[in-house]
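Please see the structure below; I have some questions.
Here the chain labels run A, B, C, D and E in written order, and each chain numbers its own residues starting at 1.
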Amino acid sequence: MSQLLFFILSTMTILSALVVVFTHKPMYSVLSLIVCFFTIAGHYILLNAQFLAITHVIVYAGAIMVLFLFTVMLLNLNSDSDVPKSGKLRIAATIAAGMLFVTLLASIKATTLGEFTLPPPSDKGMVEHVGQRLFTDYLLPFEISSILFLSAMIGAVLLAKREKN
Amino acid sequence: MEQAAHLVPLNWYLFLSTFLFCIGVMGVLFRRNAIIILMCIELMLNSVNLLLVAFSAYSGNSDGQVFVFFIMVVAAAEVAVGLALLISIYRNIGSTDIDVLNKLKW
Amino acid sequence: MYTLIYTCCLGLLCLVAEILNLRKLLIPIILGGLAAIFFVNYMDWQNVAPMIIGGMDMSHMIQVDHFTVAFNGLLIAAAALLFSLSADFYKDEQHHLSDYLAILLFILSGAMVLTSFSNLIMLFLGIEIVSISLYIMAGSRKFDIRSNEAGFKYFLMGSFASAILLFGITLIYGSSGSFELAKISSFAAVSGMNSPMFLVGSLLMVAALLFKVAAVPFHFWSPDVYEGSPSLVTTMMATLVKVSFFAAFYRLMSGGLLGIDGYTNDILVIVAAATMIVGNLIALSQENFKRLLAYSGISHAGYMLLAILSLKTDSSSALFFYGAAYVLATIGAFAVAIPVFKATGKETVDAFDGLGRKKPFLASMLTLSMLSLAGIPPLAGFLGKYYIFSEAIKNGYAVLTILAVLASIVGVYYYFKVILAMYTKTGDETEVKPSLLYTIVMLVCVGLSLLLGVWPGGLMGLP
Amino acid sequence: MMTILLLFFPLIASLAVLLGGSKLAAKLALGLAVVELAITGYVVSVFQASGPEAFYVFHSWIESPKVSFHLGLDGLSLIMVLLTNFLTPIIILSAFNRNTPHAAGYFSLILLMQFALVGVFTAMDGLLYYIFWELALIPIYFIALRWGGENRVAITLKFFIYTLAGSLLMLFGFIMLYWYNPDQSFDIRELYRIYITDGNQSWLFWMFFLAFAIKIPIVPFHTWQADTYRESPTQGTMLLSGIMLKMGTYSLIRWLLPILPVGVATWGPLAITLCVVGIVYASIIAIKQRNLKNLLAYSSLAHVGLIAAGIFALNIQGLQGSVVQMVAHGVNVVGLFFCADIIFNRTNTNETNELGGIRNLAPQFTTMFMIIVLGSVALPLTNGFIGEFLLLYGVYEYNTWLSVFAGLTIILGAVYMLRMFKKVMLGETGIRVPEFPDLYWNEKLALSMLVIVIIAMGIYPQPIMDMAEPVLQTILNKTVI
Amino acid sequence: MTFLGLMIPLLPLMGFLVNGLLGKFLPKGSTGWIGSLSVLASFVCVLLLFKDLGAAQAISIDVFNWISFGHIDISFGLWIDSLTMIMLMVVTGVGFLIHLYSIGYMHGDHGFTRFFTYLNLFIFFMLLLVMGSNYLMMFIGWEGVGLCSYLLIGFWFKNEAYNDAAQKAFVMNRIGDLGFLMGMFFILFHFGTLDIQAVEGLATGLSADSTLLIGITLLLFVGAIGKSAQLPLYTWLPDAMAGPTPVSALIHAATMVTAGIYMVVRSNVLFAMAPTTLTVILWIGVATSVFAAVIGLKQNDIKKVLAYSTVSQLGLMFAALGLGAFSSGIFHLVTHAFFKALLFLGAGSVIHALHGEQDIRNMGGLKKLIPVTYLTFILAALAISGFPLLSGFFSKDEILAHAFEQDKVVWTILFISSLLTAFYMFRLVFLTFFNNFRGTEETKHHIHESPWTMTLPLIILCVLSVIGGLIGIPAVFHVSHLLDTYLSAVTEPSASLLHHGEKLSHSLEIGLMTLAGLAAIGVILYARRKYITLKAMPEADSAITGLPKLIYHKFYVDEIYESWIVKPVFKMSEWFGTFFDKQVVDRLVNATADVMDSGGKSLRLFQTGNTGFYVFAMVIGMVVLFIIRLLI
């Protein structure tokens, strides 16, 4: 059952990811990426990370992808403006990525992870636990990430604001 | 449920993530449209997230999950800045094709 | 211990100052603040204690030690010099001044995270704070296509590298079960070599960090970004940021991956060799000054990798000294270059034509900086180079060191190209007038370069 | 204390001249250089009584890679310092009445050069020595670059990079020595004692030899030389040929022979062969050189080749000869280049074909020039003879046939020097010699000093040899394996 | 006596210094007198010393320790014994006369002071040469006189040819000097000292004719070949006639060129112990003697004839040394100094009278116009030709007798050579002084006898040439051989080492002398018939053909040297300098830089500016790193 679910979700994930890469229309890419994110959220639930799954949907599908969508529409991008790379480069890209995949797998194939088993469901994935950790052990990174946000915020405003030349 | 999940080896997640990661890499190499490339990078980040959660779940320690939060934070910040840059570029050259960006070379 | 926090606060203060209309006082405030932070940092040297926030010990996130304090001191000093340059540099962009300065301060705080992290999450956050801020700063001249291009290129490749870094972190986490450097280190020492996943993870992390320090073959971003970015940002990238990344690299390798150095070092040897060769050779034919320094920076990265390679015998002091010498020389060079660029409107080497006749003082400052970069005694650059070579030889990298020696001979040629332009060519009669702060920065940088070259004193062997 | 004063006085002088402004520069520089010479004279006068121990200076300098500020003045160093400090005022004097632009910078650089040279000759710590060695390159480079001839840019850059290439290899060699040294320091006393395996000595030899061979220069590493000499301003050429080359030969004696005896034994035969081939090669080339400065450059190449050959002969007469000849060659070559400059100053050319008949117009100059030429062709009772005699005898003891070959310099030297003298000074008045005022006071003074030394040393060289003897014996004993 | 010994070289040195440094402040003309008187004073010292110093005595003066290194000490020392004494007398005596002569000869010359300066310097160096107590001291003098020779040959420096001649002399001497130097190295290395007396003492401990001794002596002899103008290094001497005539007389006839003879005699023990070397010397001397005499037959320049005659006579002296007859060599050296100096001075007087004309084809009939010159000149010519009872007769016959004792072939050749000498000398005399003047009337009008400063030395030398033989009257006349006896202390050690042939019987010796005398007279008469009676004239240059042309052009030796040695060296210089050094050695250096440069230029093309490519390269780079890691 779980394996079946895994397979279904994985197939969807991979297919939607491939669509993101191969489709000509940016809009399709965005949409299929959203699909992809939803399937990943499914994986999270499978892995007992319920809070994360929610957050994932909210942040990615809800915020990031909307941002993408806005941009695509704001810039009025469509398939006409999207010139594909030449054939040779596409082949080269595929080969390079393929080689990366092969070498990565070849390098870690010896790892025996099959013995790992999923522990019984616990509250680890629950908001209480995660929150607890986030505000104790991970307090410092949490605070520091605010600096990151602040910086990004200022930057985004700085860059995207329309100004007179 | 738990019985069934039991049967999904961690290796599969590793494989899936790696594959997803490489699709993302391929997308970055494959496309010229900056927005799509950005999306492919998001894809790569998500593959990492997936793997982290899987590791976290299987090892029963929640550090991985917490890390994913931070990755999301960073991803969001990155996207915000990236899209802002993109807009700024688009205003100047009217294109999101990265091949047009070759003033600086050699 | 709290320098990091104070720096962040200083950044916030900047933003507040904008609201309070204190724009004119910004630079003095920052410089004063940095001085205070420097002092705090100095006090830390005497009394290294764990960081405690809200009653919680944060030493699993941040580990303040002598290494940290030393590098933080260097970073703060570099930042102070850079801020001194910024007053004049952003004269025409007053309305964005506080934004820029805040971001620059955030970069400094990110860099401080990099020198002190003891957890991969802090490493990641530090890198991202620095990188994302830099994407912004690189693209901050938004009507300048070149700046756009620089920012965006840096952003695209940087994000890509971040993804790789994350993948590496994940694999390490998967195999060692922790993000904490100490635990990773003990895992690496015990079973690191037997865990392929761990090794692959390390390799991916190393690759990502090599990207950040612009080592071949991950260096492609750096010339383009250096050239396209506003000069001050370029200066920052070349100095503060580069050194902080190296500190992070060193910390990661020595604090976490020491157990598998047999695995990573072969890779680093190849990369270091390629970096020194490629950086120096391409720099030979550069006309743009910033681009030239970018390639020179690549080659310096190659030399600094020698220090990373020899960390078994604690080469941190060599890395530190080299970094200090490099920072001083580069800032000194840019302190001359920025006013010259402004006056001539060119950023090529021939912008300096005839400077030796027009402004002998400026020319001599730039000359000394270049000589220090080229590693010629009695300037600090020489001792730095010597120190690093010495460490590398001690660790048995004799052949690589010979290569480094030969590469640095090539390096002399292009540094002298600048000097020759100043002294042997005649340029147009544009008046170059650096402000007082610039002059002070030059004097400080060059003076310190000379002083450190003659009297390295306690700075050698510091961390 | 005296050593420190001796070393740093030129540096202070250099700064003083730089700040003193261009109008005063020449006089100020000369005055300060004379003071330095006086200090040297004082040191020499007390040296006999006090011995070298009185002049050792030792301070720790850098802790972590142990570098000490270790200066010393033994006989060998003192001779070299004396040479430097004797020639510097003369070099400065030679620049009088020449209207050098930016005089403050010029003389300041000359004095800075003096500082570096004294440092090279007194440093007794490997890294300290190396720092001075490279430091010496900078002022001379800028002297040549800013005040040099037409094609100076490319030529001086080549010179700089070429010599720097050698030096960096030496740096590498020093670092290797540092780690071979169980106590891990650069101190010469310890470097003299350390054990290095034969294999390591063999390749370390090249690290040092290349540096010195480029600086000296020994054929085939000499191609920077003639061009640089020609393009440098005269004072630069004098510094280069008169003193700076001696850095190489001095270093052979001081650093290479005692530290790497096995390396020297292994590669010495090749080195000495190179030197001797270089002597003949350079002498032959010199014959047909049309530019006076080029000719002198090649002649200098031949002479220093002999010095190096004498050093590699590894016997006391070779070493003594090299020391004497270093001084002699320094004095002679400075004189020769000064004469070339005097000619250039008046005729605006150094092409021998365009000169001639100067003897008639300037008899005093001719006499001085003649004596210096004779010194450099090693006529007995001039300094050159003592040196060449000892050197050739040293080479003879090493290998008879090599000495015959090296001895060709006696013949070829006469050929090119006299040919040059004839073309430049004798015969009908040359096309570029419409009028030729005889020596001005500064020229007369400088040349007479040189001439006096040339003859005095030729008649009574023993003080120099006595001074050098103990040092050389010690070093020689170390080369015995 | 030490004081006197020191004064001998110091006086000319002082003359040199005074003239050289203060010459231009002194009244014009006084410098000549200063120069001359300093030499005269030196001569007086020599005479005083001679009076005090017994024949077998010697003084050694160590002035100071000159060079010492390791275990070797070379002192700046002087050594005066009977051999030195003779040389001193010749050098200072003849030297003074020539100085005196020069006052007249050089009168009015632009470089009058300079001339005397050089001349004094020469005397100083020549004195050092003969007084040096060790080989290195001798070498100082040896090279020093070479220098003065160079300066004086090129005295009239505006003339390119003169400068070339001067340079040639110096360089050729240097070739010999290298041999001498190597010889010294051999000595120093094997004996540990350069002191002549010590070396001789040590050498006697070696076996005779050992390789070492042969090596040493041959190398020293190479030096002598250069200095004394023997085959094959003689060509500089005829060219050296470019110098003023007194110079030719002093340096290139009487003193410097005989330094080689002196050196061999000084080291006679060494040479006596190396018979092989003696044989070499003998044959070189013989060959030079006849070769130069043959060339002398066809020369038309009055000084060139004398120059070749000098070469020939030097050859004769070397032949004597080769025969082991060291004192005979010195004897001829002394007499030769007298008459050859006289001949040159006479020639100078002629040239002076003719305002520089030197070609005998343009002379003739001068005997009435310049009678003193004529008379002294002809007596000197008779002396050199071996006219009975004149000085040359005795010294030459002594050598011939030695030759006859040991080797008839040598005797024959030398005999022929001396006949040739007689012939060309009288060809010279007759063409110069007899018949009618062949120059322009204008010139003839101006011919006048020289002033007394010039004629006085002529007369004194003439007297010496005539009676000089008295110091060496052969034993057949039952008078003691003064010179032999005087020198015996020096030559004794070697005499015992040499195995002389059968002593000639008195009758045979007298017979040989008679034969030589008669033959000389016969040749003179033949010359008289040819040049006075038949009024034969040397052809104009263009008319000379065949063998005479070969001789006239000195067997083209100069040309051969020029094209076989000088030109190739110059070509090599040219080739090395312009091609090899620049295009090969330097090109290699530059090529390194070029490789770097082009490497950089091609590498930078990878920096395309295309982000896609950059990322691609990163990925490939990572893949490569992985593959490397997988494979290693």
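Here is the rule we use: a residue touches a chain if its C-beta (ideal position, glycine included) is under 8 Å from a C-beta of that chain, and two chains touch if they have at least 3 such contacts.
Remember, predicted model here, so these are calculated numbers, not experimental data.
K.L.:
Any chance you could name the chains that touch chain C and chain D both?
P.N.:
E
K.L.:
Using the touch definition from the top, what's the fewest steps needed to get from chain D to chain E?
P.N.:
1
K.L.:
Quick check: more C-beta contact pairs at A-C or at B-C?
P.N.:
Pair with more contacting C-beta pairs, A-C versus B-C: B-C.
K.L.:
Looking at C-alpha means, what's the farthest chain from chain A?
P.N.:
E
K.L.:
Whose Cα centre is nearest the centre of all Cα atoms in view?
P.N.:
Smallest offset from the overall C-alpha mean is found for D.
K.L.:
Could you grab the centroid distance between chain B and chain C? Build each centroid from C-alpha atoms only and quote it in angstrom.
P.N.:
Computed value for the inter-centroid distance: 27 Å.
K.L.:
Need the CA-centroid distance for the pair chain B / chain E, whole Å please.
P.N.:
Chain centres of chain B and chain E, defined by C-alpha means, are spaced 99 Å apart.
K.L.:
Using mean C-alpha positions as chain centres, tell me how far chain A is from chain B in Å, no decimals.
P.N.:
The mean C-alpha positions of chain A and chain B differ by 5 Å.
K.L.:
Between chain C and chain E, tell me the centre distance in angstrom, where each centre is the average of that chain's C-alpha atoms.
P.N.:
Chain C and chain E have C-alpha centres separated by 78 Å.
K.L.:
Check each residue of chain B and list the ones that touch at least two other chains.
P.N.:
Correct list: 14, 21, 24-25, 28-29, 32, 38, 59, 63, 66, 70, 74, 77-78, 81, 85-86, 88, 91, 98, 101-105.
K.L.:
Note the residues in chain A that touch 2 or more other chains, in rising order.
P.N.:
85, 92-93, 96-97, 100, 104, 107-108, 111, 113, 137-138, 141, 145, 148, 151-152, 155, 158-159 - these are the residues of chain A that touch more than one other chain.
K.L.:
If a residue has to touch 2 or more other chains to count, which residues of chain D qualify?
P.N.:
161
K.L.:
Which two-chain combinations touch?
P.N.:
Result for touching pairs of chains: A-B, A-C, A-E, B-C, B-E, C-D, C-E, D-E.
K.L.:
In the complex, go through chain C and note every residue touching chain E.
P.N.:
152-153, 156-157, 160-161, 164, 199-200, 203-204, 207, 211, 216-218, 220-221, 223-224, 263, 266-267, 270-271, 278, 280-286, 410, 413
K.L.:
Can you check the complex and tell me which residues of chain A touch chain E?
P.N.:
It comes out as residues 85, 89, 92-93, 96-97, 99-100, 103-104, 106-107.
K.L.:
Using the touch rule from the top, collect the residues of chain A that touch chain C in their complex.
P.N.:
Chain A residues touching chain C: 104, 107-111, 113, 136-141, 143-145, 147-148, 150-152, 154-155, 158-159, 163, 165.
K.L.:
Mind pulling up the chain E residues that touch chain B in the complex?
P.N.:
Per the touch definition, chain E meets chain B at residues 604-605, 607-612, 615-616, 619.
K.L.:
State the interface residues of chain E toward chain A in the complex, per the touch definition above.
P.N.:
Against chain A, chain E makes touches at 612, 616, 619-620, 622-623, 626-627, 629-630.
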